[in-house]
């Protein structure tokens, strides 16, 4: 079947599933899966066989026009790469939501959730294929609004409502820039059609508008202010698709338009700098969080930073003579799009499973869940290894490619090495912090002893939630162990971004790296199993943990998440600005004490908050001019006329 | 001819000052109506050599409307509301008189700097118009009673009418008649409203009417 | 042929590594005026531990034993990537230095994970300190790798470790030595002999391990020490022009010298208070950064 037919099936089944999502959940699931699988098939055909697909208003006599513009859809390598991600995570999330947000537990919001899920998938798919500025904006709005409704599924809670409102406000701030961007583009080129336009150098300054507008959705620092609260308060399957896929739509915009339009010379520098800062600060914020979903959300900021570093490196290479290392950088960034989508969704599904079982998002109230939830624990650990970029999983492969690109940039000793060197150092620090954050998250949630009663009463999730997690874990393992299989798809996407690089070959070390990963995986499993056998053979005994002679240890004496992150939080106090409340014990005998620490969303609460308070004060002051007294309004007119008269008398032109 | 015109306009400017200085509403209404009649004569005097029935009709209508109809409506409203004096204006009577006089002098200074046609530059037409507009504004801003404000509006309207006479050769008199009809209807409606306001709030003081914003 | 080469390399790394902690302890004893434990003490300890049974905490999962195994194998594979002078490494490709760094990170992750298994505050403390200081140590290592890369223009360990002597080499040596002390938990970062849990980093993390897993951890730690020593020596002494035998001798001598230096530092310095540790690590990072800048300037001329 041709890509066109597959896309038509996908469109049709998703459109129908929107309508029936309210009633029949099983049929909805089947239709959504059909839609996502067809979309995946179409995208894979384009990626693997190299036949780009385009469609432009098939029916000549009855040309369908939307908003005065004829429809123009296009699926090339880059769109197909993102479409694969949308399909895989969309399908997995649909299966997950059936058990996680079931009709039984959420009778009023589950049907809504199903319908909006299909709308989200449909709008994201269309967004990737639309090749007309006006229609892009329409699809973008629908996509943003469906995200809002999905975040607000559980709108009984005040935190969810304020998170949704913040998301909507931030999204529309970005959309405003996008309106300006597309309008300026249409005004300059004379039509709303989008396509490769590199021969119009006057379009270069529009890149900044696109960076801001799409960046607001992509969620890199400092435009990430909506991301932590939105992803932490949304239902977990919604958080998974928002973190794994929706923010990639912002990235798609940046990558697509930096490929089609000429970019200013400073673009590469700015993008790399923003990426490096996002990576380091994002993961620092993640490390300091106590709420595991907020930790995952900030980790998404870090990973978007890593992707932006790759994109920035590629832009630098393009602007300095098409150096081939730029291909490595952008390939690493695009592969990281897939990798992050896979492991972040896996982690959010695991987080959802924990939330479903214990009812709390606070890591310091959990602990010891590995006994009751072995599958979730194992899969979350796999996700944690992947997100920390540790071999032999997929996170390492994409970070390795980005590193190689940056190292080549440094060794080429050009001027941009001065931005590549700090980027490498910050990336390394971010990697170490990521490993630390996920060691903390996994350890606090799954290891040790349960710290509170809800944690002690946890239960494992069912097959409906486990299945998608296992599938995503297999994807992570597959990309990690066999990266050469995925290289042709990535290089096709790179080629459609920058045609001059479509002929470059796969870096040979990737093949070696894949082999090393396979070897590592085999050796690690073998030795772990062997050591376990040896330990049992020698004699295995269970005993109490060493407690230094303390007579009555409790589970509350374990390290909490805030204490684990305490050292690094102290170093980054200037950025994190923690708020502390302490109540020390009085007197000579043991009494209760308390210490609460809260890390605010610093950019929002310490920078944008005070600025908006100032703006409100000034506006309220100005509002006192509107007092309702007619005479003063007339006085304003007279003052104006008198001023005009004086102006004329003093010699200005009347 | 221009001497007579200047005389009439000077009379109108004097009536401005009279309106500014009087605290009794009947005299304010009378000043406004006499000014209206005086200015209503002006088209005839300006078109002395090429009179036709349209000009005469408009002149008659203006004089009747501004001199008889509108003042009657206002007097009726005044009687219904049972007020005769402006007690506490925002801008006192002497300050408003001084402002009016100062405005008249400023108007004459301004008119000298404007690029007028040579036939208009010696006349008091433009300064008179600007002075009337200014007087009307002062009354609107400075007085608290609604009827005084309406009179101020009408003096403002006179000023604009005077300014419009500059264009007497190009503006069809139909426009002038239309404006005249508008203000007549407007005053009629104001008369009704004033009565209602008085009945509802037992006062015509516009200070009390500002709490209705947003 | 390849198989024999691989076996010889494995033998070298696995069998020679436990010698280093023995040498360090001998140096410390000699400075303190004692005889000290035999140089081969770690071998005896490993053999003894290998035969012992294991005590698992009630709270620990099977990952408690898998963690040390994974860490041990990750360090062994990292050792396979490290070239030994002109003999090269078992495996070399462009970008292998990054794999090495991340394998070390994998080992660290697994040790921290296993530490948190026991649900004890001591291990939590050790793990928290370890992962936090690793952030600064990573920055220093990557700056050192960048400076080597700028000097030689390559991203592969085999070609990267052929430095030019000069001020850059001295700065790099100092920086890498401090990183070696930090990553291998030596004074002034951590005292391997301390018995107070509150003052430990690495020792606290392995408090609850016993038997074969503990042997794996100790052996892995000695491999890591040999790895860092070999890296330090090859990053600073230019060995590319020497004949194979002379190069091997130089490498051995260099490693011995580094070990002696570590022993002396352990004897003569006291452990730093924890609030000063970030300062020392930042100093190491700045030393490597200055080495990078010197390499940059050297290349620009």
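Going in written order, the chains are labelled A, B and C, and every chain counts its residues from 1.
Everything that follows uses one rule, which is that contacts are C-beta pairs under 8 Å (C-beta built on N, C-alpha and C of every residue); 3 or more make two chains touch, one makes a residue touch a chain.
What you see is a predicted model, and the numbers here were worked out from it, not measured in a lab.
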Point to revise | Relative to chain C, chain with the most remote C-alpha centre | key: B
Revision key, fill the gap. Note to self: most contacts are between A-C
Exercise for review: Mind checking the centre-to-centre distance between chain B and chain C? Centres are C-alpha means, answer in whole Å.
Suggested key: 98
**Study point:** Chain centre separation in whole Å, for chain B relative to chain A (CA means)
**Key:** 69
Review point. Counting in whole Å, what is the centre-to-centre distance of chain A and chain C, each centre being its mean C-alpha position?
Key: 36
Exercise for review: Note the residues in chain A that touch 2 or more other chains, in rising order.
Suggested key: none
Exercise for review: Return the residues of chain B touching two or more other chains; collapse runs of consecutive numbers into ranges.
Suggested key: none
**Study point:** Of all residues in chain C, the ones touching two or more other chains
**Key:** none
**Study point:** Residues of chain C touching chain A in the complex
**Key:** 50-59, 61-63, 65-66, 68-70, 72-74, 77, 91, 93-96, 98-99, 101-103, 105-106, 108-109, 112-113, 116-125, 127-129, 131-139, 141-143, 146, 149-150, 153-155, 197, 207-208, 211-213, 216, 278, 292, 296, 299-300
**Study point:** Complex contacts: residues of chain A adjacent to chain B
**Key:** 626-632, 634-635, 637-638, 641, 645, 648-649, 654
Study note, to complete from the structure: Touching chain C in the complex, chain A uses residues 367-368, 370-371, 377, 381, 385, 388-391, 396, 400, 403-404, 407-408, 410-411, 413, 417, 421, 424-425, 428-429, 431-433, 435-436, 438-440, 442-444, 447-449, 507-509, 512-513, 516, 519-520, 523-524, 527-528, 530-532, 534-535, 538-548, 555, 557-559, 563-568, 571
Point to revise | Contact footprint of chain A on chain B as seen in their complex | key: 90, 106, 109-110, 113-115, 130, 133-134, 137, 140-142, 206-207, 210-214
